[in-house]
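Shared chain: chain A. Partners: chain B in the first complex, chain C in the second.
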Partner chain A sequence: MFVSGWRRLALGGVVALTAQVNAAPEDDLAALRSFYEKRFPDIALEAHIDGAYALDEGKREQWLEMEDFPPYEIAIDEGAELFEEALADGSSYSDCLGDDAPVVKQNYPYFDETTGQVMTLDLAINNCRVAAGDEAWDYLGPEMAALTAFIAYESRDEEVAVEIPDDPRALAAYEDGKAFYYTRRGQLNFACSHCHMTMVGNKLRAERLSATLGHTTHWPVYRLKWKETGPLHRRFMECNSQVRGVPLEPQSVSYRNLEYFLSYQSNGLVLNGPATRK
Partner chain B sequence: MKRVIGPVSRWTAAGLLMVGAAAQAVDDEALAEGKAIATDRNGGNCFSCHMAEGAEMAGNGGPPLIQMGMRYPERDALKAQIFDPRVRNPNTVMPPYGAHGILTDRELELVVDYIHSL
Partner chain C sequence: MKHPLALLGMVSALTLSSMAWAGASADEVEDLLARAAAAHEQALALEHGWAVTEPFMEQARQALADGNVDAAHELAQRALLTAEKSVAQAQSEAEAWKGRVLGS
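Let's look at the complex of A and B:
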């Protein structure tokens, strides 16, 4: 199976990859890896967790300098406080997220068999809040950014291990995310794969385009352009808007499925959030 | 002929004389407007992917736009590429500027003239 995926790539690159509609998730993963290995023979697959900074030495140096005083530190500190605060009914986030909390980022996203949907960390946090009688947070707001930053920080170095359970609904969610990734959209007519595979490593104006592999390992991100820490789905919204498409709601079913597909591709890589990006 | 003949076009002057009747009719002002539309991030934003003479912070997702007049003696072939590059390459990353109405007809013509002058 691995070999056939690899051969298909060798024959037609991205074209072949998009064509294999019903490949099993593990075949997708093998194909994607060999695609980036061939595209960047000198870059270890693990290095892609640093996104564009794995591909651009000059930018990497500036970026590493920023790590001396990482701008996401405030969010981590605020998140640590939020994590200790009791919820409205007196329970704690640990009660709700499990004994390992705050080291739980590696468990997300997962397929939730009770709802039949993909469960992300952000959604789980809001579910905890609502169940305890608190108000749900804004998915793009500072509290969610802070608590997820703290959890990401505490979960650093854990391995991504997203599972697709033997449930047709789980596979359907994965396939939906995959279709989203390879579908052209917006007036400018780009699929995610056009920028992050076809053009990966190239410059779009001054921006170096990062690989799909590692796209989910380091969230939330303090983005200099945002001047604050924000979630993965905000980046999805931006990449959709960039091609003059209509961005979806954060934590919408489609974006969660997309996160499921993308995170699966990063299986085996280590978590390294939160991070800083330009 | 109003256009300044640069080193490249001097090279191809003979070719231009034969095929370039339309190009010669394009005046500097129209070329400047075409260049402005090609440059504008909300217009063509062509240099996000293409290098071209005088383009700043150009990307490299697409091939450099050089010697275009020589490489596309037929202006229509160039226009077709910009109107809908999916015809030539269904998997292209280049946006369909005409087919998706990203540029108006007038803007597209101006951009084609400008690119053809490169």
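Let's look at the complex of A and C:
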């Protein structure tokens, strides 16, 4: 929970490295970290990977007890089986996702220069399936949740290292994600930043509002409200609905760009998915 | 002098509004719904649709089908208002978000 010097140095190193790639995203990252350091001086930046449970000791204790028998374990087991199943053309997910698979979550999202769009892990999985002659999975369905849960579990403790390559399209995707984050939506007229920056740490009803830092490290998540494991984009949809906006489609360009922006802000933090949230 | 005039103006406006509303026809409701649908489509294209607009439109259509033109008219007005507000939000936020960026 408390700031550790070497971690802060490591995070600073990531800041310095990414600064050479593109100044604007690096400035965003530094400003965001400075904001949370000032807002929560007693909480280490890396602790935010636990979301609201980094900010509320009582809720953290309850959450840690849940982690003794985590409800996402079933999804991990199912995902392990799916990972071993051959695709329609006899190839495997390792053939498609790379030799390091299933330890690949740290490579996503990335900017795909071929398509000129942000590539997420979920989209890559479906691309593998379609290329092999299989049907694409529902992005909100149990198979996608299971396989991504297994990959996330195997990728735990890998560091987030999202790059914004020297390509104006990549920077445009990042900026689009940033615009989405700061843009008011819905009848309640809220931007993501209102809950996760302006009011971060406060309560909405009984729930503590988490920091943006670390928002993408722990997905997919078993959400008690959903009674199942689900993806980050389902949470985006839920956020948009909660402010009485019409949610976008999962894996839409805008949601992928938002994921790109948010993931970049978590550079240097470790992956800790899947996770449990209320 | 200002207060009585203001009061008279308010009463007149409310009366006129009430008369216009009371005289609503099914055609007017359909016109409101068409305008609401068009504005809502515009908001959706801008990824700024509001979740309340479509239910208002559906409720208005149902009220019209039930023969309750007055209720349909009110609901259609709400649909149009929310649709227009959602488009206005999209337009104003095209620039306004920049003022919220940290360090801006």
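To be clear about the criterion, the second predicted complex is superposed on the first by the 255 of 278 C-alpha atoms of A that agree within 3 Å, B and C clash if a C-alpha of one lies under 4 Å from a C-alpha of the other, contacts with A are read in each partner's own complex, and residues count from 1 in each chain.
By definition in this document, contacts are C-beta pairs under 8 Å (C-beta built on N, C-alpha and C of every residue); 3 or more make two chains touch, one makes a residue touch a chain.
Everything numeric in this text was worked out from a predicted model, so none of it was measured.
Contacts of A:156 after superposition on the shared chain: neither chain B nor chain C is touched. Judged by the touch definition given at the top, the superposed model places A:187 against both chain B and chain C. In the superposed model, A:169 makes contact with neither chain B nor chain C. Contact with chain B, but none with chain C, is seen for A:203 once the two complexes are overlaid on the shared chain.
Once the two complexes are laid over each other on the shared chain, residue contacts for A:195 go to chain B alone; chain C is not touched. In the superposed pair of complexes, A:246 makes contact with chain C only, with no contact to chain B.
Measured by the number of chain A residues touched, the leading partner among chain B and chain C is C. Contacts of A:178 after superposition: chain C is touched, whereas chain B is not reached.
Once the two complexes are laid over each other on the shared chain, residue contacts for A:60 go to neither chain B nor chain C.
Annotation: chain A residues 187, 189 touch chain B in one complex and chain C in the other. The part of chain A that touches chain C in the complex is made up of residues 27-28, 31-32, 35, 178-179, 182-187, 189, 191, 193, 197, 241, 244-246, 248, 254. Listed in rising order, the residues of chain C touching chain A in the complex are 44, 47-52, 54, 82, 85-86, 89, 93, 96-98, 100-103. Across the complex, chain B meets chain A through its residues 47-49, 57-61, 86, 91, 93, 95-96, 100-102. Of all the residues in chain A, the ones that touch chain B in their complex are 14-15, 18, 187-190, 194-195, 198-199, 202-207, 209.
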